[in-house]
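First chain A sits with chain B, and in the next complex the same chain sits with chain C.
And now, the complex of A and B:
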């Protein structure tokens, strides 16, 4: 077994991964359809930011982390069935009736 | 052998009559009921864990199933990123009905570590 062969994760990276895990966990509690939708949205949003955001832009990353934490708290509520879009203002909790 | 069997048969009868309390508390379930909560009675075998871990990893969309062995690193060998790594560990959680805490989950970065962790987890089912 030995030590991990992967790159060491920074504290910030760990926070991001922990949030990602949190979103996927919260999605498990939703219906199969909502879950699938949440997962694909969360996955593409995290990947987009991973690619686009400068990894040294700590201030902005901290902002994104704070925003995501609030969104996650809202998603955990049983009334919330989905995320409309992560880049939309997080004050928008309820799933739009489309 | 015949003598041993005879002896065992002989010893068992008095044991039952001498210990009525035990048979009463044990009920019709007998001695096994004393450790019915034990996690090791129906523990998964290593080969079963290995097989199921590999099948979860192979079914991951971005993975070429032919490259998956019981000793591949998710990121270095399979070309996945850290978010994929999280997804794989989450898929393993569902497969084995576990919840792996963040601290542990962050360490699981290869099939080998996944197999070890799950095999040693008392609740894996």
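And now, the complex of A and C:
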């Protein structure tokens, strides 16, 4: 019965999904505006990596998982208002503005 | 067989004017029906009883409709697309990240908290609705 429900996920995939859930949970605690921004950023980042990273590139995925865990821990702190710091680093790599 | 007869008894309860017998029957059925028995004990009008029973029976459908709505919104499905209780999220074009988003959206809509283990087992609208009913019930009992 368990096998027929949904796709079988590897341990790593489960970790990624659990992190994604964690980020979305953490975003709930922020203000509506920040939350939306965090959600769209997190969502695009996860989707980008899901598409771009080779699924056999375990070392890199493990690095991303470790990095995401640290970022999530920071985001969980009530003092952290949003992901703006992350956003800056992402936008710098994508389209350098300054 | 046993459950079928219990259900049919429950269906006819509003037409019986025997409160003692009613409560006895209800306690033997599921916990969702116990809520109904509380309502009967308080309200004296038979019309109210019938309406309460309708709510109890249509809850399943309402939940499913709500789930369908959220799934549509989350996956940005066009209104003409068909979403049935048996629709698999995957066949609606959802990947595992979308499924996480759907479950998170359902959590907020219903004010529940879905555990990670069970959320990974959800793959259809009906499964989601069943789990939600279970969790809402648990929350009401707690």
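The criterion applied here is as follows: the second predicted complex is superposed on the first by the 79 of 98 C-alpha atoms of A that agree within 3 Å, B and C clash if a C-alpha of one lies under 4 Å from a C-alpha of the other, contacts with A are read in each partner's own complex, and residues count from 1 in each chain.
Basically, contacts are C-beta pairs under 8 Å (C-beta built on N, C-alpha and C of every residue); 3 or more make two chains touch, one makes a residue touch a chain.
A quick note: this is a predicted structure, and the numbers were derived from the prediction, not measured.
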Ask   = Looking at the overlay on chain A, is there a clash between chain B and chain C, or do the two fit?
value = clash
Ask   = Is A:50 in contact with chain B, with chain C, with both, or with neither (first, second, both, neither)?
value = both
Query = Taking the superposition as given, does A:8 touch the first partner, chain B, the second, chain C, both, or neither?
reply = neither
Ask   = Is A:24 contacted by the first partner chain B, the second partner chain C, both or neither?
value = both
Remark   = Residue overlap on chain A between the chain B interface and the chain C interface 5-7, 9, 13-14, 17-18, 20-21, 24-25, 28, 43, 46-47, 50
List of chain A residues in touch with chain B within their complex = 1, 4-7, 9, 13-14, 17-18, 20-21, 24-25, 28, 43, 46-47, 50
Request  = Note which residues of chain A are touching chain C in the complex, please.
outcome  = 2, 5-7, 9, 13-14, 17-18, 20-21, 24-25, 28, 43, 46-47, 50
Query = Where on chain B does chain A make contact in their complex?
reply = 73, 75-76, 81-83, 85-87, 90, 94, 102, 105-107, 109-110, 112-113, 116
Query = Which residues, counting only chain C, touch chain A once they are in their complex?
reply = 90, 95-97, 99-101, 103-104, 108, 116, 119-123, 127
